[in-house]
C-alpha cells in the first residue's frame, strides 16, 4: 500500500529535552495505524509536529511525497491532515450545527464569504445534518457546546474532524475522559470511519488498540521502539518490558 | 554627552522604582493594573503637601510618601482589586482605567489642575562638575536612592523568606499554594509595597517629571513599556528596560527634538512585535 | 444517505435565525429616521450619537466578534477625521460623500498596515501596541502642525453640500440625516458580515483559535480582514465628525477617546452589533446631563461607571437589555438572545 504520510528523521528538542528522537514513521493509505507508548513518550508531541502546531528541530514530513514541513496548520488541514485533540477543543458558544456548518463551509472554500447568510445553501446544510446524524448528535443539534455531556462533546470533536474530509486523520485518545456508558458510541464512530481515510490512532486502552489497528507503532522516550502487526507487537518481549509487565491482549 | 547619559540613568532608575511594582503585580497575578500611576501621583502630592505646606524636610517626606501610598494601595487591594482578579483582562483594563479617571478627577478637584513643584532643599539643587561632566545634585540623589532601593529589592527577593515565597508564587501560584504559601497575603503585601515604591518614585520624580493631576495618564505608557519590554519574570528585566527607556528618551529628546517620544513609542512597537514576551524575560508560556 | 428535507429545513431555520430581522430592530431604525422629523431641536446631539454609534460599532467588530482588546482604536478615528478635514480645507475633494469614502479607505489602509501588530502576543501586548499606534499618530499630528494645525486643531474645514444638494447648517438637520444614513448603510453591511460564514469564523477564532486553525481557518488572515474593515468604519466615523463640525483636533487621537469608546460599547454590550448604538445613546445623554452639572470633573463619572460596571459584572449589566431581547414571538430568537448575552 502506498505511503500517504511519512516523517523522515523527525527531531524535536525543547531546551535540552528531546521530545521526538529521530522518528521515521510511515502511514499507509487506508491504514488503521495505532501509536502507543507509556505516558510522556512523546505521542502528542508527534501529532503536534505532524499537524504543524509545533515545528521540528530537524527532519521532514511528507504528504503523498510532498514536503509539508514548513506549512502552517491550517494549510495542512486544507491538504487533508486533520486531527482531534486529547482534551476537547471546541467552540463553547457555538452549537454542533454551527460548528460542523463552519467546518464544512471552510472546506468548501466559502469561509471568506461575507455576504451570504449562514444557512442559505441547502446542499451545505444537508451535508451538515447528514454528518450530525451519523454521529448521533441530532438530539443536541441546537444546544451550546458548553452544555453538552462530555461524551457528546467527544463525538462532536471527531465529527468536526470528519467534516473536514481528511485524507489522514490523527485521533488523539478519542475515548479519553469519556464515562463508561458513553464509550461505545465513540468506539462505534471510530470503527465506522470511511475506509479511504488513513487513520493514526493514539490510545492507551489496549482493547481499543487491538480491535482497531492493523499496524502498531510503539513510541518510547520520543523514539520509535517497535513496529509491526498487532500479533508481532503483542508478543514482543521488549514491549512487555516497557509496559512493566502489563498484560497485553492476545490479538 | 555624558551628561545626557547621566540624566538618562537618573530618569531610568526613577522609572524603575515607579514601575517595578507594576511588573511584580503583572507577573504575580497576571493582573493588568493601568492605575499604577495613580499611586505614584498620590506619593507625589503627599510630598508636595508635606514639604510645601507643612514644612516637613524633604528627605523625611519620602518615607512618609512611601507609607501613604503603600497604605492606600493596601486598602484598595483588599476592598476593590480583590474582586477583579478572576475577571477577564478586558474587565481588568476597564476597571483600572475607571480608577485612573476617578483619581485624576478627584485630585484635580482637591489640588487644582496646575502643575505643582516641590520645594527641594537648596542643598540638592544645582549642578557641580566632576571629571568634566555636569552632574545635577538632585539627579545624583535620585540615582543614589533608587540604586539603594534596587539593591535592597534584590536582597529581599534573593535572601529573605518572603522573597523566596514571592518568587515561588510568581513562578507558579498554584504550586505555591499547594506548598502552603499564603499567596493572597503575599499578593496584598506585594501590591502595597509596589504601590509604596510608586509613591516614593512619584515623590522623587515630581521635580523632574512634573506633577499634575494627569500624571497617571501621561506616564501610564512609560510604565507599561518598562513592564512589557522588560518582561515580568525577574526584576533585572524591568531594570534594564527602564535604563534603556530612560537613556533613550533623554537622548532622543536631545538629539532629535522634533520627534521626541515618537522614537520611544516606535521602539516599543518594534520590540513587542519582534519579541512579544519582552526583551529580557524567559520565554515561558503563561 | 441524504437526510429528510424536513430536518434540513429545520436546520436551515436555526442557522439563519440570527440573521432574521427582529421587529424591535425595525422599530429602532424607524424611530431613528423618524427623529429627523420629530425632534429637529435635538439634531445636534443626535448627530453626535450617530457617528459615536458608528465608532462603537467598529470597535464591536473587533472586540465583540474577534476578541481583540484595543486601547488605541481612536487611531483610525483620528486618521479618518484628519483626512476628511484636510480634503475639505484644501478643497481637494469638495463633495463630502466622496471625501468620506476616501477617508474611510485611508483609515482602512492604516488598519491593514497596523493589523499585523496585533496578531502576536498576549492581551497586554495588544493593548500596548494599539495604544502605541494611537500615541504615535498623536505625536506625528502634533509635530507636523503646519499640516494638521497642531495643538490648535484644523479649523475651517467646511464641506460643500452633500451630493451637491443638501447644505450643512448650524442646527445639524443635514448633519443628522447624513450621519444617520451613512450609519444605517454601514450597519446593514456589518449585519450581513457578522451573519455570514466569515462572521461565524470570527466567532470561532475568538472562542478557540487553536480549533479554528485545526479546521483550516487561517486565524491571522481573518483577524487582519476584520481589523481592516473595523478601521475603515472608525475612519468614516471620524470623517463624519470632521465634516459635521468643520474641525479636527489632536484630541481625536487621545487615549480618552479610546477609553470613552470602551465604556460606550460596554454599556450597551458587545457582540450583537446594537450594543455600540445603544451605548452611544445612553453615553451621550449621560454626558449631556452630567457635564452641565460638573463640566470639569466629567471623567470622574466615566471612571465610576467603568468601575461599577466591572464590579457588578458586565453580563449582569447588559442583562437589562434581556427583557427587551426576550420580548419575542419566536422561540429561536429567544435562544439566540440568550446565547448572545452569554457570549462576551
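Annotations
Order of writing sets the labels: A, B and C. Residues in every chain begin at 1.
Going forward, contacts are C-beta pairs under 8 Å (C-beta built on N, C-alpha and C of every residue); 3 or more make two chains touch, one makes a residue touch a chain.
In this text, all values refer to a predicted model and were calculated from it rather than measured experimentally.
The central chain here, found by comparing per-chain C-alpha centres with the mean of all protein C-alpha atoms, is C. Set against the Cα centre of chain A, the chain with the most distant centre is B. We define each chain's centre as the mean of its Cα atoms; on that basis chain A and chain C are separated by 41 Å. In this assembly, the C-alpha centroid of chain B lies 34 Å from the C-alpha centroid of chain C. Chain B has its Cα centroid 49 Å from the Cα centroid of chain A. Multi-chain contact residues of chain A (touching two or more other chains): none found. Here chain B touches chain C in the complex through residues 26, 32, 80, 83-84, 87, 89-91, 93-95, 97-106, 108-109, 113, 217, 220-221, 224-225, 228, 258-262, 265-266, 268-269, 272-273, 276-277, 286, going by the rule given at the top.
The residues of chain C lying in touch with chain B in their complex are 63, 69, 71, 116-117, 120-125, 127-129, 131-133, 135-136, 139-140, 143, 255, 259, 262-263, 266, 296-300, 302-311, 314. Chain C makes touch with chain A in their complex at residues 1-3, 7-8, 11-16, 18-19, 192-193, 195-201, 203-204, 207-208, 210-219, 225, 335, 339, 342-343. Residue ranges on chain A touching chain C, taken from their complex, read 51, 53, 72-75, 77-78, 82-83, 85, 89-95, 97-99, 101-103, 105-107, 110-120, 122, 125-126, 128-130, 133, 138, 141-142, 144, 160, 163-164.
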